[in-house]
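After this come two complexes, each holding chain A, first together with chain B and then together with chain C.
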Partner chain A sequence: MTLLRAILLRLLTTAITLFGVAVIVFVVIRVVPGNPIAMMLPPGATEADILRLETQYGFDKTIPQQFMIWLGGVMQGDFGTSISTRQPVSGLVLSRLPATLELSIVALIIAVTLGGTMALLGTRFRDSKTEGAIDVTAGMALSIPDFLWGLVLILLFGVLWPVFHISGRISPSLDIDFTTNFYLFEALLRLRFDVIADLIGHMVMPALALAIPLAAIIAQLLKQSLKETMHLDYVTLARTKGYGEAKVITREALPNALLPTLTLVGVQFTFLIGGTVIIERLFSYEGLGNMAIDAVINRDLPLIQGIVILFALIFTLVNLAVDMLYVVLNPRLRHA
Partner chain B sequence: MRDARADVRRPVGLRLWLSGGWLSLLTLAAIFAPLIAPQDPLAQDLFLGRLPPFWESGTEPGFYLGTDSLGRDVLSRILYGARLALIVALVAGTLTCLIGATLGLIAGYYRGWPDRIISRFVDIWMAFPPVLFSILLIAVLGPGLVSIIIAIVIIDWTRFARVIRAEAISQGAMDYVASAQVAGRTKFGTMLAEILPNVLPTIVALLTLEMGIAVIIEAILSFVNLSISTDSPTWGGMISEGRISVHQAWWVLVFPLITLFLTVLSFSQLGEGLKDRFDPVLR
Partner chain C sequence: MSAYLSIRNLSVALKGGGPILRRVSLDVHPGQVHGLVGESGAGKSMIGKAVLGTLPRALQVTGGEIWLDGVNLETLPPSERRRRIGATAALIPQDPLTALNPSKRIGPQITRRLVDILGWSRADAQNRALELLAEVHIPEPARVMRNYPHELSGGMRQRILIAAAFAAEPQLIIADEPTTALDVTVQKQILRLIAQMQARHGTALMFVTHDLGVVSKVCDSLSVLYAGLVVENARMRRFFTRPIHPYSAALLAATPTYTDPFGSLKPVPQNVITAVETEVSQHDRRTGA
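Our next item is the complex of A and B:
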């Protein structure tokens, strides 16, 4: 019963947060100096033309009125019309969302793999030079943000030793007639290995840039909790049973040490998704973040609004999912 | 058993010296940029476009780290770019710290409705992608140094508020705080005289980290061409140009990138080092 109440409370605060985000974005972008309508018309447009378009986009009403109209539309799935492309915002945003989701998920997989390996190696060879090297590497990796790692990767694997693509999502020459924009998932399902290879070749660099700081955090935290777990009695018991050290770590210590890391990875994953904005720009990757920066430069108010709300929704959903997962995985909370 | 503290202390010292050294060097270079810069950072000369750094062939004397596609001297631009980067680090970092730490302290020590309001705002802020938020703010505020500083303060105050709030909560629960109040201090007086000194080490460490973050945000904003006017030299602007011509002139990207990399690394290592040094357990 308390669990149900906690979940309902969580959903309520999530809704309040999203509402707050919507209000702030709405107000902030409407105090932009300069008329976005005047910018989209060719020079020489008459006052009447401007006025007509302003009415069409609803900019002639007060901000609270505009907000209510917008909110009413959102409830029906209508996020308005983009000013720069004159297409529905929902369609534009949904066409780019798969690219960003695929990039974030691949980055997360890389981060967990790299970070997990470092933590396990650090625990296996604890108090040795290996652990020291892992600590220093993780400390460095953590101090430098994804934007700089992206630039370093461009130099290393795009220029010095050009093995990966450093711009775009897919080679334009490639013939794809996919039904969804989830290119990677669809290519995996259709077993189109040429497409998979091309997509990965484009994705590795931006995904790695996003993954490095998160991998460092996972390495540090997981190693910390593994080392704490290694002193517990049940682990000693496993060792006296004659299990090898590697087996003790992966079979006995790891399941218990995972839980604190999981919560942190959830929060950090939202930071990673936020990082896609500049990383997509850096690698000319056609995702949501790249579109967002263009929207800001073009003063495309409805599009900016739609993208920011979508990001906020993803962030809150990830946090919600992690909280749920925590309850499911934590035996102490499972029967509450 | 050997003393574990010795292991911890030694690298901390080295870390502080290296990062502090680089930042001092950079500060001096920024202050004396007009005296030491070999060229005018804005002077264009298309005949001197894309000159390589001094150790390669085909260089001109006086252009030590080469020139960009417009013939502007890379070294001089890095030196002048350091001025903007450090001003942003110092001013934006300090303001963010003051506002965020104050709110965090109030929320964590007073609890009740101030805490509820501040925490609710922190939650809302956490749902914004920071880079997108900063770009949006610059679009609203218009480009310029003041806009960048305001944008950084608006985005990043939560970083201080969250950590200081948690620290203030744990400090507030301690006996010495209760005894201070029994001894007749007011609630506000206790916060300033008892809580603040105890969270100050954390604040200082966070401030140093924040300065590095401010440098990065400024670089990102000038990378997407939203920082200050396009003819002022900025590291991010140079990196943006260098990214485009990376296959023809790698030096336009590499030198500002190395400078930015070392600066951000130094700020964060300094912050981490200070945190360890202030940590009573390790001290």
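Our next item is the complex of A and C:
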């Protein structure tokens, strides 16, 4: 009963959040200067042409009226038509979503692996030079934002020692007939190792650029949490049972140290997804973020609106997933 | 009779700092209970931690020997020392609320050591845990094995920790104030349980406490500590009739009895404190600490 209430409450707050985001974006992109219709017409188009198109896209109505029309469409799954491409927004956005999801998930996996390893090593060799080196590394990784890491990586592995592709998502020659837009996951399922290698070769630099700052945050938070846990009585008791330091850390301390880290990492992961906008642009990676920048340049209001709503939805889902994971990992909540 | 645990001139100090234990020597004999008494901060817990190898990182052993079953632990390589402790000794901790891992079920917290360190089969370890839980009067042991610590009361958890300590049939158990964190009503039961288990299993027990009243009930011998210095090692009967050290006598006088229930309110007289402080500084001068 309480669980059902919690879920309903969650759905309600999600709906309100998304509605709020929709209103704000809708108003903001309409009050900033720049006429989307003028942008799409060739130079020398007449006032009449502009007026005709404005009526067609509904820009002659008041903002509240426009919003009601848009909302009515959304209720039926219609997010409007992109002005610059004249295609349905929902189709455009969904075709790009997989690329961004794959990039974000690979970045998350890299960040958790790197950051987790650093945290475990730092705990194992705490109060020594190794921990100091890890602290300095994490501090440096954090003080440089993701897009600068992108540039650094391009210089290193694209120019100085060109081992990775610096732009795009896949080499045209390897563009096999994908049935979904989840290229990497599909290639993995189809065991096309040549395609996997090519996709990774494209993805590794943008993913690293996104992952490095998050890895540093995970390293710092998890190490802090682990070190605090190492003082607790049950860890000491495990020592007297004959377990070595590594076992004590991974088996006794880690499961408990994960919990306080998890929530913060969840929030940071949504920042990482936000970071894809610039990173995808930098690496010409055909994802949602890249499309968002084009949409802004073209003043493609319906498309901007659709992309922002989708990002907001993703953020809410990530938070929901984190909360659920927290319950799954915490026996005190699991049985409540 | 040779001692199972024999501590000789054990010194522990803060890294780059003052002494915490001052050449402590004491013996714990097989199947006997040895009490450690002294006021808060005297170093009782640190003796136990030095034996078990769980001293805080700020502290280190600076001298002396810890003989366990005829082997000097201080000469063993760390991993060998750890295994030997894990296989032959156990700890009953002070606070049952923090001594169980909150994210693990009770069962594995008892059986893991048997499987990992002693090489038992899972089934044997499982049966042994059930047997021990029944022995410490846990109702429905099979269900409790699947519980998480937060689902159980403090008294239950301390029983479980006692069962876990005896599970591997250790030769030596160190109990560090095993009842102080509990409800007064539960304290007596737990104390009686530890004494029963000790007698039944014939384990050597080093029992840390503030309470001479408790010592008089469960111990065969005791050491009195002041500022990391053992001021007196004694057999029980002799201690309660003729304490040798003035500090011991003062502690004894400060113990509540049936005829004088407010005895614990008596402070240790100032001249006794001054005398024992002088003894400590003389000791430090002699040993150059």
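Going forward, the second predicted complex is superposed on the first by the 324 of 336 C-alpha atoms of A that agree within 3 Å, B and C clash if a C-alpha of one lies under 4 Å from a C-alpha of the other, contacts with A are read in each partner's own complex, and residues count from 1 in each chain.
Following the convention adopted for this analysis, a contact is a pair of C-beta atoms (placed from the backbone, for glycine too) under 8 Å apart; a residue touches a chain by one contact, two chains touch by 3 or more.
In this text the structure is predicted, and so the values were computed from the model without any measurement.
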item: Room on chain A for both chain B and chain C (clash or fit); value: fit
item: Vertex chain A, arms to chain B and chain C (CA centres, degrees, nearest 10); value: 90
item: Broader residue contact with chain A after superposition on the shared chain, chain B or chain C; value: B
item: Chain B versus chain C as contact partner of A:I273, first or second or both or neither; value: first
item: First (chain B), second (chain C), both or neither touched by A:R281; value: first
item: Which of chain B and chain C A:K241 touches, first, second, both or neither; value: second
item: Contacts of A:P255 with chain B and chain C, given as first, second, both or neither; value: second
item: Partner chain(s) touched by A:G158 [first = chain B, second = chain C, both, neither]; value: first
item: First, second, both or neither for A:I24, with chain B first and chain C second; value: first
item: Chain B versus chain C - smallest C-alpha distance in the overlay, whole Å; value: 5
item: Complex interface listing, chain B residues touching chain A; value: 120-121, 123-124, 126-133, 135-137, 139-140, 142, 212-213, 216, 219-220, 223-224, 226, 239, 243, 246-247, 250, 253-254, 257, 260-261, 264-265, 268-269, 272
item: For the chain A and chain C complex, residues of the former touching the latter; value: 127, 232-234, 236-244, 252, 255-256, 329-332, 335
item: Complex contact set, residues of chain A against chain B; value: 13, 16-18, 20-21, 24-25, 28-29, 31-33, 139-140, 142-145, 147-148, 151-152, 154-155, 158-159, 270, 273-275, 277-278, 281-282, 289, 292-293, 296-297, 299, 304, 307-308, 311-312, 315-316
item: In the complex with chain A, residue positions of chain C that touch it; value: 52-54, 57, 79, 82-83, 85-87, 89-91, 93-95, 98-104, 112-113, 116-117, 148, 150-151, 161
